[in-house]
Amino acid sequence: MEPVLKIEHLNKKFDDFTVLEDINLSIAKGEVVVIVGSSGCGKSTLLRCINGLEDINDGRVLLDGETVNPGSRNLTKSREKIGMVFQSYDLFPHKTILENAILAPMKVQKRSRKEAVEEAMQLLDRVGLASRKDSYPRQLSGGQKQRVAIVRALMMNPEVLLFDEVTAALDPEMVREVLDVILDLAKQKRTMLIVTHEMSFAKAIADRILFLDGGRIIEDSDPKEFFTSPKTERAERFLRTFEYEK
Amino acid sequence: MGFEVIFKGKNFIRLLSGLGVALRISVISVAISIALGIVIGMLMTLKKPVINAVTRVYLEIVRIMPQMVLLFIVFFGFTKMTGSNLSAELSSIIVFSFWGTAEMADLVRGCMISIPVIQYESSKALGLTRLQTYIYVIIPQIVRRLIPLSINLITRMIKTTSLIMMIGIVEVLKVAQQIIEANRKSAPKAAFGVFAAVFLLYFLACWPISCLSKYLEKKWEN
Amino acid sequence: MDQEVINSYIPLFKDAFLLTVKIGWLGIALAFLLGIVCAFILYFKIPVAKTVVRCYVELFRNTPLLVQLFFIYYGLPAVGISISAEVCGVVGLGLLGGSYMTESIRSGLEAIPVIQTESALSLGMTNGQLFKNVILPQAFTISVPGIVANVIFLLKETSVFSAISLMDLMFTAKDLIGLYYNTMESLFLLVIFYVIMLLPVSLAGTFIEKKVRFKMFGD
């Protein structure tokens, strides 16, 4: 099957420091790929390179066979098809929840307000926030804001969804409500690329696990295999940091 | 262009000493403003209804009354009311201190209430006494925020002192006028050069202070 | 104070008041336009223009209006550029105010976190859509308190117009004090007319700040 997203020989440097080195990756339609690795390994940068928020030094990123990065003339067109949810709550503070969801569909895709509102209400209902449609982001908890951010990304009907440590800034009791929404998306066969530190969540949702270290993909395996018997010593050390012993 | 007049005879020295008058009045007024402003600003944080009411009226008067109007009230009004003469220089110091104190008090109050409660609580949790908390934790933080803002007040004060010519004090603008008048025949374009020089002198007096204020604000941001 | 004297002075002060208000608000309008243009130049880092704007802002923020007016009104005619006192008042106030407005608007624009830009871009917005729908409305809200403070500051600065022989409130007061020695009556009317000019603006400013904040952020 033809992959939805393809990355070929991607290299990324910040000045002289190599952040990503020769990344190659194909993601099939409906596949859920989870990227793990210690902080500073380049996971977030990889996501940002995929939708062109970062320029790349070498290689290319393709969506449906069309180049997204570098220098696509249709970068904004491609970005419509790549949804992204960030770690910090990045809702537009001057818009209500509903307005946050319908702004881009109306302005970018030129859809009618009526239709956009209808879809937004369905999605907000699905994440349990329909009743908060007229609230402002400031009045919501972190978990609620993240669920709205996911709805906002879904409104564009993206082919691929990128999640950049979306629960890292949340209180523990709010992590679950956000992860449940993402699990629901996996059931709908959405294509997703997820960066996370929640290992049990990774195990539950992933079709494939990528382990990044020092800017390289050093393991690309089945989740069961990765968590029980990692191939590399580095991955084993990484996994051990999540265990506690007395 | 009339620039040659500036350096003719003692003209440049006269301009500088004119600026000196303005600077002297600024420095005295700023010193008074800072001292009184700190006291009044601290009083304002006590949340006593009477003090609050009085200071609010005071601050609102300063907020909406031009310094020029205040200067007229003191300079002309005082003489009329008491029959005795208040010198222009003393009038201006009174007015600029009245204005500066309000500005300073508002800054002090703002800085004091911007210190988060957690700073007081964690000091208490560490076993510091109330006095120690103020000396080692609160005041150093307030001072860091306050210094750049007070320095900024100095430049505003210097700019404001240009008003004193309007009540007859011979300062830089007045000296400039005299020089232009004296050279009306020999240098008809003197007005351009001399006023440009005054413009530049004020800029050179204020700009370095503004830069210092900005620099300190950045440096102590966190 | 003599009631009759006050009554006879009111028409004189009223004319002066109208002149002061007219020049004041025209100057503020000019300042606002200038501020928007200059702030955009700084925000978008337009080469050359941004250096010019920086010099202008520093020069006018660090000099008194009185000196600026003297230079424009008495200095420029010596090299052949003559403008009327009224135009000079508007231009002087506009130039001074423009430098303050630039700073207020620029700091509003720069206060918007990068993540707002990134999330708008990742939703497929163009730079134009991003600026219009995301940056501008937020920046405006943040700038409002600064803009209100500038408006009040500029209205107060109108009190130096008498220096370029405009028949404004200060001019009228000084004239009447000098001519008839009715000091208290003149000062009383001077204060009253400045209160009429500034108190509504001060109150409206506070109201607008609250209203805008609520409308934009719901608190």
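The letters A, B and C name the chains in turn, as written, and every chain counts its residues from 1.
In this text, a residue touches a chain if its C-beta (ideal position, glycine included) is under 8 Å from a C-beta of that chain, and two chains touch if they have at least 3 such contacts.
Owing to the predicted nature of the structure, the values given are computational and were not obtained by experimental measurement.
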Chain occupying the most central position, where position means C-alpha average: C
Measuring centre to centre, with centres taken as mean CA positions, what chain is farthest from subunit C? A
Considering only C-beta pairs in contact, identify the chain pair with the most of them. B-C
Could you work out how far the Cα centre of subunit A sits from that of subunit C, in whole Å? 47
Approximately how many whole Å separate the CA-defined centres of subunit A and subunit B? 54
Between subunit B and subunit C, centroid-to-centroid distance (C-alpha), Å: 20
Identify all positions of subunit A at which a residue touches two or more other chains, and write them in rising order. none
List the residues on subunit B that touch subunit C in their complex, please. 1-2, 60, 63-69, 72-73, 76-77, 79-81, 155, 159-160, 162-163, 165-166, 173, 176, 180, 188-196, 198-199, 202-203, 206-207, 210
Going by the contact rule at the top, pick out the subunit C residues touching subunit A in the complex. 115-116, 118-126, 129, 133-134, 137-138, 141, 216-219
Provide the residue numbers of subunit C that touch subunit B in the complex, in ascending order. 58-59, 61-64, 66-68, 70-71, 74-79, 152, 156-160, 162-163, 170, 173-174, 177, 181, 183-184, 187, 190-191, 194-195, 198-199, 202
Which subunit A residues qualify as touching subunit C in the complex? 51, 53, 76-77, 79-80, 82-84, 86, 88, 90, 92-94, 96, 103-104, 107-109, 135-136, 138-139, 149, 152-153, 156
